[in-house]
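Scrolling down, you'll hit the structures one after another.
Shared between the two complexes below is subunit A, which pairs with subunit B and subunit C, respectively.
For the complex of A and B:
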């Protein structure tokens, strides 16, 4: 699993569940039309795609205010630095 | 007959059939953990030894920042077995609030993961659950006064300290579990914060009635549902509404996929739920059973698998009546709450016969319908009474990411009905279209008084002022803010 796997997985899942193909790395989390269950479904789908569990506290951390930051948190969680 | 929670925990001894499940994250994978009731009992006894060695025993006041973990449940149970009194807070409460509660209730110890302790000894649930060879059954204890102090924002939004009685807890949770006919093949998922009294109450109900329990939290809820496959879930209306919205967007069966394979009892309460959501779930083969209770009294009315009527909160499970004004009055043999505390002292005790503040009506078959808060009732010029809470809920469901408040405002000479829709932003939304949708609601069309529909944008900080400490939208707070703001 590398940086690209994680980032593209996050983007694909969020675009799919929010039904918004314009979501990009720069998109702010608040601008994505997803409610709490929607984000929980994103987490589950990301876990399924990556084949491993993500600590929900990392995923739902308040510092993840954009898709880019969310990807950054996941990369740090999986200790991927390349 | 179980008389006290001490007896309830002792009754778990030797029970290897029932269990408590929870998830742990290990090496990037969820590991389901299972503890039989017998193991739960042994873990409690072990924790009692750790607490005793640290000086905690009968009547010791312990501030406890409880989290939704198995170990916190064990600590909570051990404190009860020892006869200590827990002052329960949420992990997310800020340090000042915790310090204030420690001082107010003269807490001698703190159980928390924080490093702050207000100058008193502080232990983590983790260390209190470490293996102790000296574990032995403590002396039987029945509380004569309050077992716990908990905090509830209620409808006013201001957290109040409530005294929790052991007698009321035992009686009310047993009464609820028996009425619902939960059985030993069931598994109850408890995921809302344990600092919310009803969640601990559900755990005790599981132990006393030999119903399996599973513990999760509001962040790993979907994983708990799919990995632990509970059969009973109590969730707020918002959870079902969000699931409904997700289902609307896709052909996939999101509801079934989210709820796990064994779900048979979806329960909701705590706030009104739109009948449309209830019908939607009913038609998809996933009935939601609406129940009604109050922190002070416990469960009051419940729909069950055998008797469910959409649009009602079910049949009473305790003695109730209605006042001439239509207010629902309870007469519980054992209320859960002894009374409210102020500055660490119990104010006047809670009467057994208690007005709920809710307007209600019972149909010919005894199913009760709640019409809203009595103080919220708006009397139209025609004399017709409307209760705004249900209409506000409908509006909220019509307009995503919004709240709504309906209240009377005095114009230069007459009263008008003001309907305010509140959101962080209406950018990119067609407010005329929203207004049109709201006007088409039957309840709005039936308003005989003049009304206005307004849109109110509040940034994140201001938005937070509309909510109670427990995250519930407070119409009282909202109306105060809306009326005082320059519009």
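For the complex of A and C:
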């Protein structure tokens, strides 16, 4: 699992569940039309695609104010630095 | 495992009047809807309309009818009711009277003590859990369980993953015989509030919301283990009408219990009606006529406080 796997997985899942193909790395979380159930679905889908559990405290952290920041938190969580 | 508590009868009534989810959503502010859109809410909840009592007397009259019918179906004499358990403040008092007290006096349940269990969405399962302790030593011990709700504002109806409707329910729980034997119960109280006792923020709302589902799934899994059954051993899980996505995707993912085990037939019409959902769904499922003696079901419901603290209850019941 590398940076690209995680970032593309997050982007694909959020685009799919929000049904918004314009979501990009720069998109702010608050601008994505997803409620709490929607974000939980994203977490579940990401876990299933990556085949491993993600700490919800990392996923739902308030510092993740954009898709880019969310990807960054997950990369740090999985200890992927390259 | 207990073998002496039974669900002897159970009835539910929901009013004929409906309000559409579209109409309720139109009355709610964006803040109240957690950023969700009507389209997304309907996709996640599968709810189209909720049942509505216009007045408190409608609620009270329906409760009286449900209680009378539950007693009649159970063939239980009024003097054989030892307790009236109820779980919702809506039937504790209205502007006019206390419906629970009125049922007690009108139906001449003279020996019955009124016992409130303020876990509205799970009070029936709480009553099943308490029944063997309360009825211990009684030769013909019976509990009349009552539930009823009437939400008076649009804001009260929307609870993020579900839309609340109005209705009433009644059941007789007995230590003699009944349609279902209660083979086991499980309870877990989860401290999950956003703030501590001094009002300091201690967790993020998204984490608390996530916790209540993940811990519920874990509780459900734990319950099956405690009951000594696997998901394959049970015919169905009867859960509240509180969201399609929650029980079709999230619970299966976190509990490992297949989505085909959950009950979804009453999601579209009526709304989430406290624990009346359990009676209503159990009735719908049994009316299909496929249940055989010995078939086992799990009743499951989380009772979620406004603070996000949760009271989880489950029961394993077996068709007699």
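Just so it is clear, the second predicted complex is superposed on the first by the 82 of 82 C-alpha atoms of A that agree within 3 Å, B and C clash if a C-alpha of one lies under 4 Å from a C-alpha of the other, contacts with A are read in each partner's own complex, and residues count from 1 in each chain.
What we mean here is this: contacts are C-beta pairs under 8 Å (C-beta built on N, C-alpha and C of every residue); 3 or more make two chains touch, one makes a residue touch a chain.
In this text, all values refer to a predicted model and were calculated from it rather than measured experimentally.
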Subunit B versus subunit C as contact partner of A:62, first or second or both or neither: second
First, second, both or neither for A:25, with subunit B first and subunit C second: neither
First (subunit B), second (subunit C), both or neither touched by A:40: both
Partner chain in contact with A:48 - subunit B first, subunit C second, else both or neither: second
Shared subunit A contacts, counted only where both subunit B and subunit C touch the same residue: 33, 35-38, 40-41, 43-44, 47, 56-57, 60
Sites on subunit B touched by subunit A in the complex: 25, 28-30, 217-223, 226, 238-239, 242-243, 245-246, 249, 254, 258, 400-401, 424
Touching residues on subunit C, where the partner in the complex is subunit A: 33-37, 40-41, 44, 160-161, 204-207, 209-211, 213-214, 243, 245-246, 249-250, 253-254
Subunit C partner contacts - residues on subunit A that touch it in the complex: 33-41, 43-44, 47-48, 56-57, 60-62
Interface residues, subunit A side, partner subunit B - complex: 17, 19, 30, 33, 35-38, 40-41, 43-44, 47, 52-57, 59-60, 78
